[in-house]
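Okay, so chain A shows up in both of these, paired with chain B first and chain C after.
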Partner chain A sequence: MSAVLTLSAWLENAFASTLTASQPSWLQAFRAQQFEKFLQRGLPTKREEWWKYTNVAYLEKTNFALAADSETSELEKYSDSTILLVFKNGRFLQEMSDLQLLPPDVILLPLSSALQTHEELIKPYLLQEPDEQRHPFTVLNGAFIGEGSFLYIPENCVVPYPIHLLFLNAQQNEFISAPRNIIVAKDNSHVKMIEEHRGNQAKNYFTNAVTELYAQANARLDYYKLQNEHDTATHIAHINVQQQQDSHVNAFFVDVGSRLAREDLTVHLHERHATCHMLGLYVLEQDEQHLDHHIYVDHKASHCTSSMLYKGVLDKKSQAVFNGKVYAHSGAKQTKAQQSNHNLLLSAAAEVNTKPELEIYEEDVKCVHGATIGQLDADALFYLRARGIEKEEALKILTQAFVEEIMDKITDPFMKDYIQQRTGHYARV
Partner chain B sequence: MSNQYLKQIVDKNYQYGFVTAIESDTFAPGLSEEVIRKISQRKNEPEFMLQWRLRAYQHWLTLSSPRWAHVKFPEIDYQNIIYYSAPKVKKDGPKSLEEVDPQLLETYKKLGIPLHEQSRLAGVAVDAVFDSVSVATTFKTKLAEAGVIFCSFSEAVQEHPELVEKYLGTVVPFRDNFFATLNSAVFSDGSFVYIPKGVRCPMELSTYFRINAANTGQFERTLIIADADSHVSYLEGCTAPMRDENQLHAAVVELIALDNAEIKYSTVQNWYPGDEQGRGGIYNFVTKRGACRGKHSKISWTQIETGSAITWKYPSVILQGDHSVGEFYSVALTNHHQQADTGTKMIHIGKNTRSTIISKGISAGFGQNTYRGLVRVLPQADHARNYTQCESLLLSNTCGAHTFPYIEAKNPTAQIEHEAYTSKIGVDQLFYCRQRGLSVEDAVCMIVNGFCKRVFNELPMEFAVEAQKLLEVSLEGSVG
Partner chain C sequence: MLMIKNLHAAIQDEKQKTKSILHGINLHVRPGEVHAIMGPNGSGKSTLANLLAGREDYQITQGEMWLDGQNLMDLTPEARARAGLFLAFQYPVEIPGVNNMYFLKAAVNSVRKHHQLPPLDAMDFLTLIKSKIKEVGMDEKFLSRAVNESFSGGEKKRNEILQMLMLSPKLAILDETDSGLDIDALQSVAKGVNSLRAPSRSIVVVTHYQRLLNYIVPDVVHVMVKGKIIKSGGKELALELEEKGYGWLSESVEQV
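After this line comes the complex of A and B, so read on.
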């Protein structure tokens, strides 16, 4: 397997340079084990069902290294009333972060600090063993654990301000960053957060992110993800959600950047009455831009509800992949699941591969899915043109209307405004 | 309430499970080049057929059994299967029905096949395939008047080798997949239909397949060619005796529709499904594919799948000609320990091509029912249109219903819609009917019939009777 060998050459170097004596020994052992596991498995290929439409073979040819220490950059906050944690090229930037509004009993730390101050608390969350066949890049991220964020909201706590995790990538090329974020919302707590990946004057870098969300009983978690990487970057992320009884998670994904982006979202509804709503919007306007959403919702308990609504606009020679799967175990009575994926193709070279799946082992369920692929309605276009609106403007209006359905689901006006400004011209109203 | 009715269906026996004691000419189990040469020799085939079979066999040796389907079964021992079994007949073979073994005719009578002359009432021309060999074809002369060729595959190889050579393997090449390759190497008979230019086939054509001998695999091959401006409706039915061991059925069906031609292919598949514990039953691993080669051509698949321990088939349409149309209507029922992984593929190549997919899955007992479909629109297929609807009814706590639709679009003018739902019969629906004085059973029957109606409507009249009968018993009792 020569492919694995070339891959391991840069990997070995990068991995070796992250081994620091300051990490606890259990973590070093775990990382070495994850590294070994990844090397044995190798990169996924298009022959694997989970990677059928997404080719990551080029990763082995790029010589990614860890980013060097970097200086601060200019940046804008989306509102003054946020709690902000900033990372640049995978390293924490103390001077740009702002934790003034953080309630005193909430823990929000960069992972490197949390490992020193809250080692025992964080340990069980880090020692998760993902299935290497299904989530090879999660295993790879495990090998690189070092930085990221740790957010812990104690019982009955409502965080009044949104928490903003900003991953800036700037001023360097061909580096790998592997942030690991752990978010724990204990019983009856409530938090609203945004994880943003932004690229600026950085090329060909590789973000391999893993975010673990734990929503305990009756917790409410609003999670927004904004992926706006540089258009030469690779972004592969796994968001893993674990939900207990009566918990409620809203997950919202906006993907506009990257040359290749992959979002793996896995949701485990462990206990009764858990609810998860997933929304996604992708606007691909670059040639050879590729986005892959893989979603897996595991209905393990009764009376759980899940919904997916993903919409995409594709222009130029871009490609989108959508794979949503609802799995209802025997005994998951009164399961309600909805899936829909709608795609708008604006160019002849764009391509969509969509696969909404249902796997149901319980009779007492209501599961619905739907998918559409098409172009703008010619009649609607004619209607606008007949009223003297330029063709280009008319196309834009109709596309905006298509996108608006998703944007309208963002209830927080500040968040909506912030996301709209970063989604490109189709989202601005 | 549901248990009571479920029990009824559990108790329902497979009524086609008899064995006919007929002397047959049977090879020893096992597969080798020798066996293939012997099959070819027995059929007195021209050289090109033998070479084709051998190439397929060589290729098959390099393949391994596919694992991707959502079905579970123990490894099949391909050396333990009899690849050729023919009912023994007088040396010259039957020229008319009188010469066919009367016991064989008795079998078909039990099956309700209108093989005899009284079938004129039904107006159906039947080609009956027993184990591996076609035993009788009715209405030959009447069809010949219209210019239609409807005969067994071996006859076609003898009498129309040029047509066979031209079209065989052009839709399902012998390299296509594991089971199609196996079939290409060892198929022993099947049906052949050729509708000449401008002819509308005067009657429904029909084939009955029956596996009789033990340990036999049935590998038949059907080839239907509809020349320009022609029309044909073809029906297929299948049964097998009850046996404790599993039997393999790996057929290949190829349809070719030229300009303005239309082929309607209907199947009522009722192979032995195995007993309540899931012992025995047929493994139905079939490759069915049609090619709409000509402009404005149309291929329509309708299938009622109630039998087989495992069903694994995807009747597909390749929409090559501009303005061509593909349709797929399916009802699949799995009960006891039956497993079905079925669906379709619609490949849009020509401009303005249209396809419709309506799939209804019903799972009861421990049945696992999977819809797996592919809709692919290639870049040149401007204004392609697809509508897909798949619905699943779950009737027990232990069954499963799954949907795996693949949609691949490479053309912005394509319009593709897919929708699906999975649920049980609504309590409110039942209540509504009960309130109006219907018994539970009638209410359930009505709801399920409504559920399947869209597909039943597609069946030709002659077949609808049998299909309805088959499903009624199964469906009525299994819902509650």
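After this line comes the complex of A and C, so read on.
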């Protein structure tokens, strides 16, 4: 019992400090309800199937508070041809953001502003009730709703520049930030965006992020997530995708940071001919670094396609978890689903638990899945060395080759370049 | 150039049992010479070639190997390559995801670095490789593919010879480079090897068949049976083996 009390003590404090009278009353009520729901449910434990390999018990013991108002940091601008929204330690930073290239009919606002100016539009997207058993941290995020981003692309609109949501964490310790991002791509619209979490001189903080992506009929949404938190940080995220007819979503995850990171991805293919391609790359190079990908794809309609290709490189005493599940409902005819997860272990102490799963209630489907865990090919290593290439260099070449398959799938030159710049050496080609 | 003295080597099988493969090899290859090592399957020829290149699967239980006055046992595989030793593999490894051109450039420049030469820039490298690739009769499209991936048997061997020409080693060891080659590929491979013949270089051709030696004419032929060199002679020894097989020699080894 005492553990729960500890948890509730820091939570109560943090929660109380975020309640502001300026928020609409429906939101305050919703938040209070989510808060109670989370307290009743408590932190997930390793006895739960969905959390079997990921231990978050330590979160009870840290006294996370809301970050204090932070000063503007120096930020080197990567490109002049992006639309940029910057948050620091969970708070929006106007002066570092750049919305000059935003098309006039597209709405892109920090959530706090959107709640003032577009309350009725945003309300239904916020009042979503997550399943607290499967997604306790989504409930917790609901209790903290206040900041994040709201992106709304109207029908037939093509956003010509990438939208960059940058969550910087810097110069403070032991804080919690709970960004909520709502992205709505209306019929026939097209957008590409990157959600980046970057840690710098900040320790033991906790990012609890929720991103909701809506791809309406025939919309095209390219979503990149780059998780490069400080290596003492905890990053728990839920990305929830809702797709209508003929929509096409590409979701690409790069995880290189955090002490513990969890990416929950849920994809709902509601209408026929919806397509979702998911790619993941993780590079874990620290002792005790832990990454957990839980993916759930719900094929509800016919002629939908989904694919997952996740590859990981693990060094030292790091751990990765992959659980990818495809669920095909009865009537989801002509479902095509692919899942694969490949892991390269560079150290004997590294550990992977991988479990691709299929649950199928329809006969007319084509589903394949596979997973591998392996080491570098000793013959290939000898071959490179026998040509004069130093062992360290040869190891790097072979690891890059393993990663290359994923990086090759990024067809957008800006995104590819950016991700290579921001991630570790293995992703550099 | 190459001096091998009383070399004994063993390998551990899956049951961790030590199996002796080489039992006292003596070999002396002088600069400018081409030696052929012939012998039946399982005689230890490939083991010897791989040992020289530094493969770590084997245990050397006794003996010495010297390249140009350097003790090979002190050198890692990459250091041996930089010192001028080249092994053309019997089974070149496929390396998906590593571009062949990139690989060749990395190899050439790491050897150059060892000799305190500046790395070749893209243009110089391209000029060099284009001239060499013609010599081995290989299509340029193989440069932009992954190393050996889905190459035919012949293309893999041509790729080995291309690497050899690019690195221009002091000592080239060809491990069954002729196996599985059609006559065109065999001739290209031989042409590549012969272009490397020079008073300062040595070549060791490990082969099962006499055929390759029609194109690469050796100065000395050794016969290896059951981990020992049991007979050495001139190029005519290869013809004799072709005619009589290895049986008449194997019998004599039993008596040794």
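We adopt the following convention: the second predicted complex is superposed on the first by the 429 of 429 C-alpha atoms of A that agree within 3 Å, B and C clash if a C-alpha of one lies under 4 Å from a C-alpha of the other, contacts with A are read in each partner's own complex, and residues count from 1 in each chain.
Definition applied: a residue touches a chain if its C-beta (ideal position, glycine included) is under 8 Å from a C-beta of that chain, and two chains touch if they have at least 3 such contacts.
Nothing here was measured: the structure is a model prediction, and the numbers come from that model.
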Inset, instruction - Examine A:348 and indicate which partner it touches, taking first as chain B and second as chain C; both and neither are also allowed. - result: first
Inset, instruction - Using the touch definition from the top, say if A:388 reaches chain B (first), chain C (second), both or neither. - result: second
Inset, instruction - With the two complexes superposed on chain A, say which partner A:374 touches: chain B (first), chain C (second), both, or neither. - result: first
Legend entry - Chain touching more of chain A, residue-wise (chain B, chain C): B
Inset, instruction - Examine A:365 and indicate which partner it touches, taking first as chain B and second as chain C; both and neither are also allowed. - result: first
Inset, instruction - Figure out whether A:400 sits in contact with chain B (first) or chain C (second), or with both, or with neither. - result: second
Inset, instruction - Check whether A:296 is in contact with chain B, with chain C, with both or with neither, and answer first, second, both or neither. - result: neither
Inset, instruction - Using the touch rule from the top, collect the residues of chain A that touch chain B in their complex. - result: 49, 330, 343, 345-375
Legend entry - chain A-facing residues of chain B, complex: 68, 379, 392, 394-424
Inset, instruction - Over in the complex, which chain A residues touch chain C? Could you list them? - result: 377, 379-380, 382-391, 393-394, 397-398, 400-402, 404-405
Legend entry - Residues of chain C that touch chain A when the two form their complex: 53-56, 76-78, 80-82, 87, 89, 92-93, 95-98, 103, 106-107, 110-111, 114, 146, 163, 167
